[in-house]
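Have a look at these structures, which come just after this line.
You will see subunit A twice below: alongside subunit B first, and alongside subunit C after that.
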Partner chain A sequence: MPDILALVLQQTLNGVYLGCLYVLVALGLTLIYGVMNQINFAHADFVTIGAFTAFFSASRLATHVLGLPDATAYLLSIFFAMGAGALLGYLINAAVFAPLRDRGDELRPLIATIGVSVLLENGQLALFGPIPYSFDSPFTQHTLRLGKIFFSAQSLLVVVVAALAIGGLHAFMRHTYLGKALRAVSQDRETAGLMGINERYLIGLTIVIASALAGLAGALLGPVIVLTPFAGSSVIVKAFAIVIIGGFGNMEGTIIAGILVGIIEAFTVQYLGSGLIDLVVFVLLLAMLAVRPTGLIAERREENV
Partner chain B sequence: MSEAQSAWQSRPPSAAHSATQSATQSATQSATQSATQSAAQAPSPSHSQSGSPSPVIESPGAKLLELQGVELAYGDLPACRDITLQVMQGEIVSLIGSNGAGKSTTLRGVAGLMRARRGQIRFRGADITQMRAHERLLAGIALVPEGRRVFPYLTVRENLEMGGFRYRADKPRVDRLIEQMMERFPRLRERATQPAGTLSGGEQQMLALARALMSEPVLLCLDEPSLGLAPIIVREIFQSIAQINRAGTSVLLVEQNARYALDCATRGYVLQTGRIIASGACVDLKADPRVQEAYLGALKHGES
Partner chain C sequence: MISRRLVEGIALFAAIGCALASAPALAQKTIKIGVLIPVSGPASYFGVQGKEGMDLALDQINRGSGVNGNHFEVKIEDSACSPLQATNTAKRMLEQFKPDVVIGEECSDASLAIAPIFEQAHVPMLNAGSATNQLTESGYKYVFRIFPNAKQQGIPLGRNAYTKLGARTAVLLYEKTNAGVDNADGFAKEFEAAGGKILARIDFGRDVNDFTPIATRIAALGKVDVLPTFGLEGQQVRLSQALAQAQVVKGGGGSGIQMGSIWLPWGYDAKAGQASVGYVRIVQFDPTEKRKVVTDFIAAFRARYGADKTPTHINAHAYDTIQLVAEAVRQGATDAESIRDRFSRIKDLELTTGKITFDASGQTVDPSVIHFVETQPDLSWKSLPW
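What follows is the complex of A and B.
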């Protein structure tokens, strides 16, 4: 295999791995926007909480209390992180978002998401302190080799888990009664009510799913990012860019845009240097907004969510 | 369920026809009464023998829906003031009136899309004033909204599934109901896997109607079913409405086209600027000079 081809393949692979991480973060944002037309500024903090949950459940609970080997502990911690995200999403929706939404105002819940974000960040700061934790995945050390292409077991794990999550979400949306009802709510909330669909319940469900995805993303991102109470914000800006490039509320577009941004980032690192990553991504975002403000696949726009 | 289906399809047309005729006759005899004060009259006999006693149906002639002094508002702006009306079991009742008279608002209030800020709404004896839309559907009220409002990116079949959301735990029942709807509206079968947004206006109206019927409502509310449709399709839709009614479902109909509305219904209410200004049997209303002048245009005595 010629070197240049190997290099391109290598960077594409790295890009897909990065992209999968972004997609997991961005999907929750796009899901919430698609169903209830609301931007959730607290999404980053659900990612952070997922990362911390994974860290503590892997490094303390699973290994010390349950005595599991590192690899099993990390895999288990992914589920803990999802559960923590889902639970927190449920609680915050019940305590803050739902009561505000019932007053029939769109702005108040939006601002409340900023408030929740501040609350969660400072809560974690008080609990975990400002010093970064070092969260190592046992899979990072294992390197797999395919000809001249190398990748870590961790990146393989990320791609597999992301594929499962995306596939599961897709199947849920397409083939279950509840998933179809979610799509109905996203298309016409009032008429969904006329079908006997309780949209309050489905909106709560949307937030739980989105938060579980954020928790999952946190568990996978934990070993990659600098784990502090503000860790989520380092990826959330890029996730917002991806959601916009993909067309707000459009799931397919978000997945494509996420992978695309990951690949562009990998090649930027290779050819231009890592300092230019954000510049390239956001120039792309601006170009996108100028040329096609409704997103990547708006032309043959199938549906939101 | 199967009873409802058989009544739906295999009713001999002659029986239905004669029933309608006798209704027309008996109503004509009382045509001298004032058209404004007969709101609570007994329903026409055409439904007393509708032979599909599906388990949800009470005795014919019982009060099904009752609005008592209902006021509905958009923000601070009242759109309906002091609406008092009844729908009896088995009836078709029409609300007519010009644009902005509050007909659609009244229907939205009945379906729970708007909460009454004064007055009371009772359905099958129970106070439903505070119920939300999805709860009213479970109580037996379905609304075909103005402008059809099909879910554009769901397929025709998925739209029907949404209509049967209350039976989601009972898949055979949903499948059976969908089969009935496709039997009833063959075009929907042809288009079953298409996104509903790609359907023509008439097909969308049929889908919206079928979708509402999926919940097996006791009271079917229709908001402007003829809006923007070709006359031939409107005729089809109104034939379907009559059939649905004969199978035992009561109907509350809002219709801009007063002639369709009065021809199809047993009783009617006339709304003007958010108030009921006249009510009575449709034959009486058709004979009322005010109604003729305002809503029926060139309709002359003896016509229709």
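What follows is the complex of A and C.
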């Protein structure tokens, strides 16, 4: 294979992998916006908590207590991370978001997400300290090589899990009663309520699913990023950009935008320099807002989620 | 008559008593040390480790009768490695705490932001973690630094890459900050002057997590002899792993040698694993060193923080800053002006991170304990006799 072709293919693969990581983070954001029309600024911290849960459950519980092999322990830790995210999402919704929503004020829940973010970040700082943790998945150690092309087993795992998460979420939204009910709530809350759909329950479920997705993203990101209590914030800005480029609340748009941003990022590193990544991504964001404010997939609220 | 003598005697006795009582009060002073370090944010590991080192030194100093009868009072504020937050915190500290000396900041950009504030207030600022040359090359009279600047680190790296490692090509990897740029420039200048060639300069922000695209780009450049790398520990771990995966560096079966500076604390090699094998870097604080000041410090550190804990250069630098203030007070300093004066006259003061002698710009100039190490396959350090 000619060198240039191998290089283009390699950077494309790097970009797809990076894009899948971004999509995993952005899915929860877009789900919450699609159903509740609300931005969750605490999403990054749910990702970080997922990463720490996976780290401790893989390195302490699954390996030392249950005596599982490293690979099994890590795969199991992904479920622990999803569970921790879901549980935290449920508790925070019950304690903070739901009571504020019940007052009928849309601004307060939004501001509350900022408060929750600061609380979680500093709570993790007190609990885990600021020194970076060394979280290596056993899949990171295995590099697969096909001629000049290489990728780690971890990146393959990320792509597979992202595909499964996207497929599972799509199937849930399209083919289950709860999914259809969620879409009904996103289209028109009042009418959905008149049809006997429990709006309060479904909004809580949305937060739980989005938080579980954040936990999943954290478990897969943990071995890739620098694991500190601020880990999630390093990817959240780009996740927000992806949600906007894709069309706020639109899942298909988010997936396309995530992969696109990942590939653009990889090629920016190759041909322009890694210092220009943010510049390129946010120029794209501004261009999208100017030319196509609805995002890549035109906004039609009834089809968003 | 008797009563007059009695009154005079009592008055004299009282005067002597008052003089005696007030003498120690005049001699005893609380030296106020303001500390600006990152306690929050991604660079907060500097602050946490810095506080450990300072607490240890303060315990040792304040435990007895202090230094010349003076005790130290320390106020730590979070400057978050951020120029804006550091500036606001510095101003507030000057107004409210009125320090005699200030220690900080760790990050170069924040240090550059607060230096003119303390210069204007005539309060000496002692820095132990910023590498940018500009900090002590801006003509400040109240800025002192016990950390080697970018030139002191980059020049020997560049020279030894060419002469000792036989490197002829290099790719520079550095974070996009004053310190990162200065370190990279220092290396490039020396390496190119010797005849070496810089194939690429690759900078990155602190929010970059996945370094695979960067490693791919470097792999496509062909044979690279050395890769001088300047970044925070967490990112360097991931960068080394990506370079190993792309078979660029020795740790991944390639031929390139990653080189680095004092930025990396003790413990980096264990975190990066096999990817760090063959990494050559400068260290200033080496916990395996046998100097008495180092062994005493490690013993005291372990007694306080746990037998299994090994201090990093961040712990050691912070410990040294308090010891340096203590030395100035030992030499008679009692306020900001006299502390600045004593700092400027300090010569060959032996501390855990080396001998301190400041030049006219306030930069420590004695590189006696800076040496090179190479990470071995068992992740231990091998000292290089350069």
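What we mean here is this: the second predicted complex is superposed on the first by the 301 of 305 C-alpha atoms of A that agree within 3 Å, B and C clash if a C-alpha of one lies under 4 Å from a C-alpha of the other, contacts with A are read in each partner's own complex, and residues count from 1 in each chain.
By our rule, contacts are C-beta pairs under 8 Å (C-beta built on N, C-alpha and C of every residue); 3 or more make two chains touch, one makes a residue touch a chain.
Here the structure is a predicted model, which is why all the values come from computation and not from measurement.
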| item | value |
| --- | --- |
| Combined model on subunit A: subunit C and subunit B, fit or clash | fit |
| Touching partner for A:Met82 - first (subunit B), second (subunit C), both, neither | neither |
| First, second, both or neither for A:Tyr177, with subunit B first and subunit C second | first |
| First, second, both or neither for A:Gln187, with subunit B first and subunit C second | first |
| First (subunit B), second (subunit C), both or neither touched by A:Leu120 | neither |
| Subunit B versus subunit C as contact partner of A:Asn198, first or second or both or neither | first |
| Partner chain(s) touched by A:Ala26 [first = subunit B, second = subunit C, both, neither] | neither |
| When both partners are placed on the shared chain, which of subunit B and subunit C touches more of subunit A | C |
| Smallest separation in angstrom, by C-alpha atoms, between subunit B and subunit C in the superposition | 38 |
| Set intersection of subunit A contacts, subunit C complex versus subunit B complex | none |
| Residues of subunit B touching subunit A in the complex | 111-113, 132-134, 137-138, 142-143, 145, 149, 151-154, 158, 161-163, 165-166, 168, 195, 211-212, 215 |
| For the subunit A and subunit C complex, residues of the former touching the latter | 3, 7, 10-11, 14-15, 17-18, 21, 122, 125, 129-132, 134, 136, 140, 143, 150, 152, 155, 221, 224-228, 230, 234-235, 237, 265-266, 269-270, 273-275, 277-278 |
| Subunit A contact footprint on subunit C (complex, rising order) | 40-42, 44-45, 47-49, 176, 202-210, 212-214, 216-217, 220, 233-235, 237-238, 241, 245-247, 270-271, 273 |
| Contact footprint of subunit B on subunit A as seen in their complex | 177-178, 180-181, 183-184, 187-188, 190-199, 302-304 |
